[in-house]
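Worksheet for the structure shown next.
Labels A, B, C, D, E and F are assigned to the chains in the order they are written; within every chain, residues are numbered from 1.
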Amino acid sequence: MKYADEFRDKAIGLGLARAIRSEADPQRPYRFMEFCGGHTHAISRYGLEDMLPKNVRMIHGPGCPVCVLPAGRIDMAIRLAERPEVILCVYGDLMRVPGSQGASLLKAKARGADVRMVYSTVDAIRIAEESPEHEIVFFAIGFETTTPPTAVMIRHAEKKQLENFSVFCNHVLTPPAMQKILESPDIRSIGRAEIDGFVGPAHVSIVIGTGPYEVFAEEFGKSVVISGFEPLDMMQAILMLVRQVNEHRSEVENQYSRAVTRGGNPRAKEEVCDIFELRDAFEWRGLGLVPHSGLKLKQTYARFDAEICFSMSELRVADNPACECGAILRGVKKPVDCELFGTVCTPETPMGSCMVSSEGACAAHWTYGRFRDRQRKRAS
Amino acid sequence: MKYADEFRDKAIGLGLARAIRSEADPQRPYRFMEFCGGHTHAISRYGLEDMLPKNVRMIHGPGCPVCVLPAGRIDMAIRLAERPEVILCVYGDLMRVPGSQGASLLKAKARGADVRMVYSTVDAIRIAEESPEHEIVFFAIGFETTTPPTAVMIRHAEKKQLENFSVFCNHVLTPPAMQKILESPDIRSIGRAEIDGFVGPAHVSIVIGTGPYEVFAEEFGKSVVISGFEPLDMMQAILMLVRQVNEHRSEVENQYSRAVTRGGNPRAKEEVCDIFELRDAFEWRGLGLVPHSGLKLKQTYARFDAEICFSMSELRVADNPACECGAILRGVKKPVDCELFGTVCTPETPMGSCMVSSEGACAAHWTYGRFRDRQRKRAS
Amino acid sequence: MKAHRRKVDIKHGCVDLSHGSGGRAMSQLISGLFHEAFGNEWLARGNDQSAFDVGAGRMVMTIDGYVVSPLFFPGGNIGSLAVHGTVNDIAMAGARPLYLSASFIIEEGFRFSDLKMIADSMGQAAQSAGVHIITGDTKVVERGKADGLFISTAGVGLVPEGFDFSAENARVGDRVLISGTLGDHGVAIMSKRQNLAFETEIVSDSVALHDLVARMVAAGGHGIRLMRDPTRGGLAATLNEIAQQSELGFSLQQEAIPVKPGVAAACELLGLDPLNVANEGKLVAIVSPDVAGAVLAAMRAHPLGRDAADIGEAVPDDHHFVQMATSFGGARIVDWLSGEQLPRIC
Amino acid sequence: MKAHRRKVDIKHGCVDLSHGSGGRAMSQLISGLFHEAFGNEWLARGNDQSAFDVGAGRMVMTIDGYVVSPLFFPGGNIGSLAVHGTVNDIAMAGARPLYLSASFIIEEGFRFSDLKMIADSMGQAAQSAGVHIITGDTKVVERGKADGLFISTAGVGLVPEGFDFSAENARVGDRVLISGTLGDHGVAIMSKRQNLAFETEIVSDSVALHDLVARMVAAGGHGIRLMRDPTRGGLAATLNEIAQQSELGFSLQQEAIPVKPGVAAACELLGLDPLNVANEGKLVAIVSPDVAGAVLAAMRAHPLGRDAADIGEAVPDDHHFVQMATSFGGARIVDWLSGEQLPRIC
Amino acid sequence: MCLAIPAEVTKLLPDEMAVASVDGVSKEVSVVLIEDLAVGDYIIIHVGYALTKIDPDEARRTLELMRELSTEGQGAMQ
Amino acid sequence: MCLAIPAEVTKLLPDEMAVASVDGVSKEVSVVLIEDLAVGDYIIIHVGYALTKIDPDEARRTLELMRELSTEGQGAMQ
């Protein structure tokens, strides 16, 4: 795999690890949040934690669109899928996400709801064309990376004059959530994370560019490095963050220059702007209501908005009170700090958002990293 | 089973057999046609042939509504069932009846047509109510016995204002077919059966009474006995026919006086008259076009007539030229006289109408009686 | 940090695709439900196959798929049926049934509570037949790709020294013995089909016949030519098959053939012949005339053979016809049924 | 007057309900299609079970249901798979596979031509594995009540004296051997799923492993603790099961685990881990360290073990973790997959 | 097709339906085609409909006649 | 969810589609979001869409930089 394999080179990786170890000041902690679940997953998959010195700690952020989807939105989707005329098309990641009372789309499907896994929005359009007697709803989720394909699809549906197609929109935005973490008003109850810098998600920046992160460097004084997802990318980004901290710089640097520019992809941004507009606020699991963090269809595309077409009423479900996701997503606590972790809450039966997809902090730790807890225990 | 078991008494049966043997003149043949397939089936099932003297011969008539249905009507029903919106409800007997080129409803169902076996017209109405998004067509076949239930159902559908229900009507009448046998214009090619009397079907006469048969006694000089379907009923009826022949009487006698009257069932007749009217002619397998032998829905019920609702075009299919059904149904030939019998043509792969249902002359002989052919061969 | 194995929620839960995907959910379903129901040392080892010791000799193997609809019927369910049917096919070889294996194909959405009832029935049926379900497999398919649950059950058994029951063994002059009334199972199933629905007190005869067989073998020894359970297609299909394989005919006496009045009545209602209707707890034995009396006596002495009868004999016939003298005094052929639209009865 | 048995019209015909109802149509299908494909002396006897002679010793029995979708896939079809999978489960006990039985559950409308191709593949697979399909069963269900065809295949085999492979046999220090590249079968299947559809030259590895096993047993003898074929759930599920049963952990080297570049690429595309993807022609062997070299050499000398590798060892671990040193230099757990929505791969 | 069997009316139901029984087998049938039906009557049922009532006196008479004819036959042979 | 991988464009198709290949695995993807695409280009694909082209020079430079940094690290440790 060109542009992947070369960035997985063990020797270079060990060299970068040594560089990090030699440059990081053993007297101080380095606390970097990788916002994106993709990064969380890569850290776990390649075992990067073992390669970093103890005082360089990665904090898993809320950047998994599956994890942050509130249970109420899942319940809404289930209600929709249960309508006999509706076929709900979803990305596979969503099937097991828990709604209220242990419900999930997987279980709804088992009980008869027509839920179809799709790989791409293109498949949803095809299904709509093949099933004119059904209402096809695409359950759209994702960050800025995933929004343009949804926008393109709505434009296609318009062009093809599809009348049995709509979108249940749950697209969310990265920067407002980062801001929420930094200035969370409920600091007293959850605590505020001490974060020295952010590993920014390259796939988001392919679309929106690096510009939108400048506010975090300028206003919040945080170091930001936009990083690719291969292990060498991440090791380099961490080294860059260590250097920024050491040098008391707070800048937005672009590690993934092979695909990310300051301005992003203009076509993709235009597609999104044409079709979507900001919601006043959107609820995130673990973070609560985050202002201007979600997208909805513009009024002119209301006929493709499932929330309008089906008069969907907003459902709110309280998160499990024992779940520490809120604190974990802010970097205040670690999965093992949650008393449900690994006992009641596992990937088979997730109680909270972080246990849902393999990109969630708790799931990644359970699936790939939990052996370390024992090592720590033994060490202590 | 009251009113059945007592009419299956072996001792009385043997006594009636002896009576027939003693009263039948060994010097002359007695050729009686049991018009009805139900009688054919009873003869085979109880082995009555063995109990009659050789010169009293039963000729199997065309009275099986399944057997006489032309292949074209089956093709029409298959085309209908293949329409995606149509659910075709049929009596189970119809599933294997061959259309053209080996087609059948059973095979059409296997290939995806929605064909449902029903026990009663009541089930067809229920299916129509349960499946408002489908068009339910009832494939109506049968003689006078079976027509009143169809009529009742159409009246119900009207009362319930069912808009997704219709009937593909193939109801036929007994007397015109009997008349066709007696005065067939194509006598030269097929030959005319020598028939001394008819065993008339009691179940038909429960509805229409004995009156409609008087023409055969009066105009054609044939003896007629309306008979029940238990073996004693049939033995008695045969004895009554032997006596009529011996006494040179040609009358309509009623053996089944426990349920048949001269006038029949007035309610049932009224239901039928309200809804159906005579077709000018209807095609019978083996007999060809028979004038005034079929029913169709009256103009006022046209909205329940599938032939009109679905603009069904009449399909005609030539019968297999080697098939001797025409001659067999007229009593001119016997199943074994057909060279296809038991080799190419068996109940699994019927070539002609008489092999279709267990009431058909060929099928009944194959299923129950073919061991006799060997006995005959040995004897000769 | 060991994940505590939460029990499958049998009361409210249902099977979903995760229960068939080889992960932890599947393993929990298997251990929490099937192992519990079948509980034995072989399953507990958790292998994809199970081993057992055998003495030298002759074994039989059989398999049947069970697709009965409805899954629960008067007198049993698909689970008990899936044990009885396979045990019987082993027993029909004169063999002692030993071990079963079961393959479950489950439609997503199938209720755990139903699955448990079925598995429990299998476990009980196996236990009372003295066999063990030592290995199995579970697959889950999407909704609309199966009809709730299909079970395929294979089994092995040990044939006593020198026995070789087989369909070609019948000889002219042999007697045809039947172990009891015909058609009970099929009628019980049909009474529950929506479009036929009728009320009857007839229940399925589904039962394991190995013990009856053992008594018969003890009584008749090598005078028994073969046995068969007249399941799908009923007695008619079974005797026609034997007639073909053994190249002879049969001559039956209708009066001797036991049929319950309720079964006869249901058959009249539906236009069926009890001889074509399925049984799941009856056997036909073809036995040499010199042991027929002893075997019949042994059958009648056993609770499952109380209504056993000698219903006819094997006759020379190069057409391999099964003929019957009717109760009314005539004669007729008893043929296979011709692809009638019977419900799924096994 | 004998009805000549017309052959089933394999080119144009399809299965309808009459082929499952126990009548002549069913008997014609079975003899005209299945017996032809599997042709052997046992089936020819036409019984509901088949008998065979065994020497005293230890036997294994196994069963698997096959519900793969699509039925035909690059490198095989459900028929070959249904033989290989069951032969392999027998072979994994170190046993010599002997006899199979097959249960077919067919949806009405299934084309005879497809059925014949599948049955022929089964026959060929059985022949080249040296086993016989000695008994079977055929059921037909209504359209929409199955997904074309399901096959359940049971099998028996003979275990060599003194061998008792079982999942609880692994010991700390044992080596983990794998017979070849991982994930080929699963990727080949997934490439044909409508919503995933991608082009690849990867074909299923579906094959019978009994001969490879025999060579391994010859080389490693009682130093081999157990073998298992990493099918559904892939290597990850298999090793986690063994870890649980043997109450230890495993420590793997990612670099040692053979994965084809095309499989790796497809997994990247789909977000899957090759260690969770199914195989149908690979085995994992847990062997004592002193025979590991000899067994590995024997594997590599066999065409089906050309890419065999020693990928790690059993370690003490009361959490029964399967850990892996990643190619990149870190470490991680290799867990079961968590009910992902994989297609039906076996 | 013209399959019809005698059954006893064991219960009258609304909507011109009734329960008809034969040897412990009972089934709901339509009795819309019949007048003056009472529990205990015997009817002929066909495709789920009662076609007529059975006249018990006529049935008895027919059976008696059959017995007579049968004995005559016997006499004739002897 | 943000899973995206680099792939080579091996064929341009009508309707702003293209075939993208990775190690012999190829898949049709939408390239509606990309300008000036040519066969041989490498793209980043995500949920069936190409999000951008990969700049080969930048990729080379990044890798060189990594090598340098890695050797520096090596130096530092020695």
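Points worth noting:
The rule is simple: contacts are C-beta pairs under 8 Å (C-beta built on N, C-alpha and C of every residue); 3 or more make two chains touch, one makes a residue touch a chain.
Quick caveat, the model's predicted, so the values are computed rather than measured.
Under the contact definition, chain C and chain E share the contacting chains B.
Between chain C and chain D, the least number of touch steps comes to 1.
When every pair of chains is scored by its C-beta contact pairs, the maximum goes to C-D. The chain with its Cα centre farthest from the Cα centre of chain A is E. In this assembly, F is the chain whose CA centroid lies farthest from the centroid of chain C.
The distance from the centre of chain B to the centre of chain C, each centre being the mean of the chain's C-alpha atoms, comes to 38 Å. Chain C and chain F have centres, each the mean of its CA atoms, that are 61 Å apart. Looking at chain E, one finds that residues 3, 5, 22-23 touch two or more other chains. Touching of two or more other chains is recorded for residues 1, 4, 13-14, 17, 96, 106, 119, 123, 348, 370, 374 of chain B. The multi-chain contact residues of chain C, meaning those touching 2 or more other chains, are 1-2, 16-18, 23-25, 261, 264-265, 268, 319, 338-341. Listed by label, the pairs of touching chains are A-C, A-D, A-F, B-C, B-D, B-E, C-D, C-E, D-F.
Across the interface of their complex, chain C is touched by residues 96, 106-107, 109-112, 342-344, 346, 348-349, 370, 373-374 of chain A.
Chain D makes touch with chain B in their complex at residues 1-4, 6, 14-18, 23-25, 28, 108-109, 143. In the complex of the two chains, the chain D residues touching chain F come out as 191, 197-202, 261-262, 264-266, 268-269, 271. Residue ranges on chain C touching chain B, taken from their complex, read 194-196, 261, 264-265, 268, 270, 273, 319, 321, 323, 325-333, 335, 338-341. Chain E meets chain C in the complex at residues 3, 5, 22-27, 45.
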